[in-house]
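In what follows, subunit A forms one complex with subunit B and a second complex with subunit C.
Right, the complex of A and B next:
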């Protein structure tokens, strides 16, 4: 905002990108050093948090690139939008790096408050107002439940620090059972709301549909992956001694999430709503990962998250320009895209193939790793249901392909600049690269 | 001496709380609520929680009460416009309030006050202790929460800025 006052609006986005790159560099500076915690061990830096934070930062960079095109018509709000996006990224990184439940909570709140504002940021559109309002009310309740869970946990154990909590849980197995269990359940509910898992997913389709498309892309990638990573770290660093309690909950929740996400996605005609349900089902798969993957193999979840996120960003990147020109957010907006803009059509196809987990793509490898980890834990029923649902999911992604390749195009032209296309092609190449070398990436981590 | 002050404050807070509910004029209700908040702040002082007492007065008796008064003035409530509630709603609210009281009493019965004699308990609410913990152990969350407020403020600006 300072920059805007000085009349330097043009350098705003390059400045933000430079800043993000600097943070990305600082993030990986500690790559080969042992884990270290800062500020009275409130914030932890180790391999896991570095990789998850790196993924979040790369996605934030992509979002900032896309925002230059998306907010072209509202240049006097640019600085506000960018500031809120950056605050949201800050919250997401705090969620991942937190080593104290209080920090986790503050990170979640920063991310959520930014998203409430962004969801309602298109003031003239009724759906956007509705989305902001709904997200705010539901999210505030979820945060309250999460905080209450933490309070009960504090009452039972006397600390919220990850390491102290986990040593406490290992040494006292029967103390204050009621407080501890209800606290754990409430914390789980709060997190499951944030990742939009099945019984707590009702906000997600409405909010995704109503929000401006770029905000939807941000929610589907940065917010969801931050929540998944944070849940994974909390469960694996703190609550491992209680895993017999939450395992059953997570199994049921992930089965329900995968089924509901895929089955309801089939009947959607709005693209963003369909992506919301597909995001729900992917969250279910990542929950299977949280459930089944050992803490030493966290790279599998990071791989899944990276593949899912990049495919999502390409999909929304194409959708943003198409929706803007067609003034329509249904799947029918893609009718005959291949004949109008072949490059956009092909990038979208590759992204959706990855999300539908067709074999050589990143989505397939992600699901393969997660489900084979689940198989090694004897969760046969879960794996079977997940595979059936994967096959089902191909159907609604193919509805988009039918629209792109087989439907007749109308005459509305689609404006897209050359560098935007180049950027999408670059992203697609990155997606193909991580699809072709899953083993190598997993070994590097 | 302490006990007399406690009974005095307890009497004041219970009576003013009852007056909040029973007085007909909403402005009177709000003023009684202010009295109630002040007496509760007195209880905090008795329990050695100075910071909590000050914050309670500033935020509740100050900011929130002013908000209440503004809302009441803007709504223009008076006796004539007050809707008459049907008997079944009164009945239901009495039952639910009694249930809440029952739950609270059930929870309070099991509290054993003798267990609260932890050595640091008497100083834990003092401003010095609080500052020590806040600026040493919890420095990062304290500083980071400023980002949270900044986000909220920028968000308000973004949503309410006039189109130019």
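Right, the complex of A and C next:
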């Protein structure tokens, strides 16, 4: 899993891709076998973790493809960046597969520390340094809170292993220890920080805006989905007996997250900042999923995550080349894109239509699953608020369309190579394919 | 198979256009879309001989939620499909006079809209229907956004937010139905007759559905996007919006909403009909005061469609069937009206009534066509909308005589605003704008003369159009009457 390379720059990308593909293969190798655990049963491999890890690996592959173009001018640090990305992916997979809270914590830390470095990796730009610093300070704080919560939990129960914890909680239903409850709340806070849910979202717009665009794409997809999956697995494997405690918290947090994400996205003029807020609102929707979707329907959350991630990656893939040529990261950089680069414009349009959840795109089916699960749990108010917010989200995604199609272009040409366009088209086809088969994960199971 | 063909052909044509030559796109598209028209005429013949069964198509698309790609066609759908396919060639052809930027994409989008519209009419699965319903807006949005006139960004956004807001409320209603009543199966036009939604939920579902349809129709007070949008949109876009997309909502009320929430429909029908009739009078008065031709047509359309809604909510056979016949004629008439407006706009660069006039002397052929279309819109005897309007009014009278009494004034108002518009736009002295007005060119003759013929043909041939929808409407009415009679109880939440 760990790839570190010195020299031999030409084969760097092919090697990384081959490595990731090999891991992807190994990931699915155990598909038909019963669940297995490793490292004193601290790491679990079953179909759930396989699917989530598969999604993360595919996204990592896409990021590596995109990095070939993104780091073209920075040949010197290429291998460093790629190695850090691979560390981060490793951490993300550990988070998903973990079956012991300490392992989860180690995964989170590997992912976070790599991201701190990557966020600040554009050393010559002030914003990048600021993003790295800000992310590091707040992230370290959140890790501390998470770890403190785990300590309290250990004090209350005497174990951190998922299964043992769960049996303990089931057998001590009348247990009323302050340690346990405060531990649970602190752990929740730690996770909610990582998924950038309100009110722990303040870092995300600044960090997304300041970081290099590819790192932003990585944070918005791999890091966010790993955190969501990990939270989902922890809550559903361990804390189900305490769900009356955290349900209300999650309802309030998800409503706040959806509202804040969408309302603040409307007033943004910076594309990356807008995507940060839209990511916050999508995290809110996934929290609704965590709240409402039964554990044997985990594939619905995986589907939402996959659709959201692919659309996001296409969006950033287009944005990266446009920003690079235009020297501008505002929505106005897309002005008249359709008449300069129709293929880029159309792929971006399809991706944003999916994120705006226009049927029959993947974003629509994702929201359908999440919201109908919420409806069957009688959360009508939550659903109505979510729907109103969907209309708001249409408003800001369509601001981009207005820029692409209805504003005059300036004369700056946009450089993009043929294979890059081909790759984006391929991604768009994948997005359309998963839009047309929303039940594909369930069918494979 | 015919239903698949009807759906796929426009998609195929759209690709041909996109890859085709840059010149004469409008003519090429018009020629291609005639093929669709021929297929729908063939479908009509089959329908007359063998009934509806041979249009069925069923394929399981998604297991969770259970969605089938399931197509069927009933009489109402067939009527509206024929209307769509009949009008689309002329919409394409009318674009040939003006020089458009990127004509291929323009016609590509029109074909996409046609395909999505037909999808709405033939799909027989609630979620599939919703997918097509939403798909119709996306080409419309891009059509308006790029080829629109002044203030297009703001107005298009308003249009889009209205429609999306309405659709999303319908989406909640549909999600609710799937979560609570589908039992893991699909909801199609047969199973919605069996789900028996509890009366209290029906009111909410009714509101959810009606918001979506009310925006699309539009009904007052949800109409405020309409006049601006029609005025700003490229004329071809306006033709489709008013002539075809509005019919989609009428169709959906009858096809989907009434069977799902029959009790709420029966209880709330007088209120909706009342709102609609207020809309008729309001739109008529506002139309008289308009200074711009296209804005005026928007209000005329609002008035006519409100009357159709009142007819549908009279819940009897002549009301509903008459409304669909009127929808058919209204589609033809509005599109003809906007084609005339398009010709005027291309010649003079304006549609403001005060800057027009004196066209009659220099362009007699155009004036004749415009005169016929104008009279047909005002529902003069022997024009196509005359009988259907009478039948609708008859239906409304049966349900609630007071509402019918008010609605009758729409006929008077219609004559007033159409004649006033015609006097200002065509008669009177020439001015600098209209002095160089050419008479119809050959392609314009091809575009407009068929409408004159259609207006007279459907003014005389009424019964066949009426009969197409008889079976479907009878089924629906029997169901609504039986169920709402046996289920007493309050629907107020």
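Note that in this section the second predicted complex is superposed on the first by the 432 of 445 C-alpha atoms of A that agree within 3 Å, B and C clash if a C-alpha of one lies under 4 Å from a C-alpha of the other, contacts with A are read in each partner's own complex, and residues count from 1 in each chain.
By definition in this document, contacts are C-beta pairs under 8 Å (C-beta built on N, C-alpha and C of every residue); 3 or more make two chains touch, one makes a residue touch a chain.
Values in this document were obtained by computation on a predicted structure and should not be read as measured data.
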Which superposed partner A:171 touches (first subunit B, second subunit C, both, neither): neither
Partner chain in contact with A:32 - subunit B first, subunit C second, else both or neither: neither
Which of subunit B and subunit C A:296 touches, first, second, both or neither: neither
Touched partner set for A:327, first subunit B, second subunit C, both or neither: neither
Which of subunit B and subunit C A:383 touches, first, second, both or neither: second
Touching partner for A:411 - first (subunit B), second (subunit C), both, neither: neither
Which superposed partner A:90 touches (first subunit B, second subunit C, both, neither): first
Partner chain(s) touched by A:353 [first = subunit B, second = subunit C, both, neither]: second
Subunit B versus subunit C as contact partner of A:439, first or second or both or neither: second
List of subunit B residues in touch with subunit A within their complex: 136-141, 144-145, 147-148, 150-152, 154-155, 157-159, 161, 164
Residues of subunit A touching subunit C in the complex: 353, 358-360, 368, 371-372, 375-376, 383-384, 387, 390-391, 394-395, 398, 401-402, 405-406, 437-439, 442-443
Touching residues (chain side subunit A, partner subunit B) in the complex: 1, 38-40, 42-43, 76-77, 80-81, 83-84, 87-88, 90-91, 94, 100, 102-103, 106-107, 109-110, 113-114, 116-117, 120-121, 123
For the subunit C and subunit A complex, residues of the former touching the latter: 62-65, 130-131, 134-135, 138, 141-142, 145-146, 152-153, 157, 160-161, 164-165, 168-169, 171-172, 175-176, 178-180
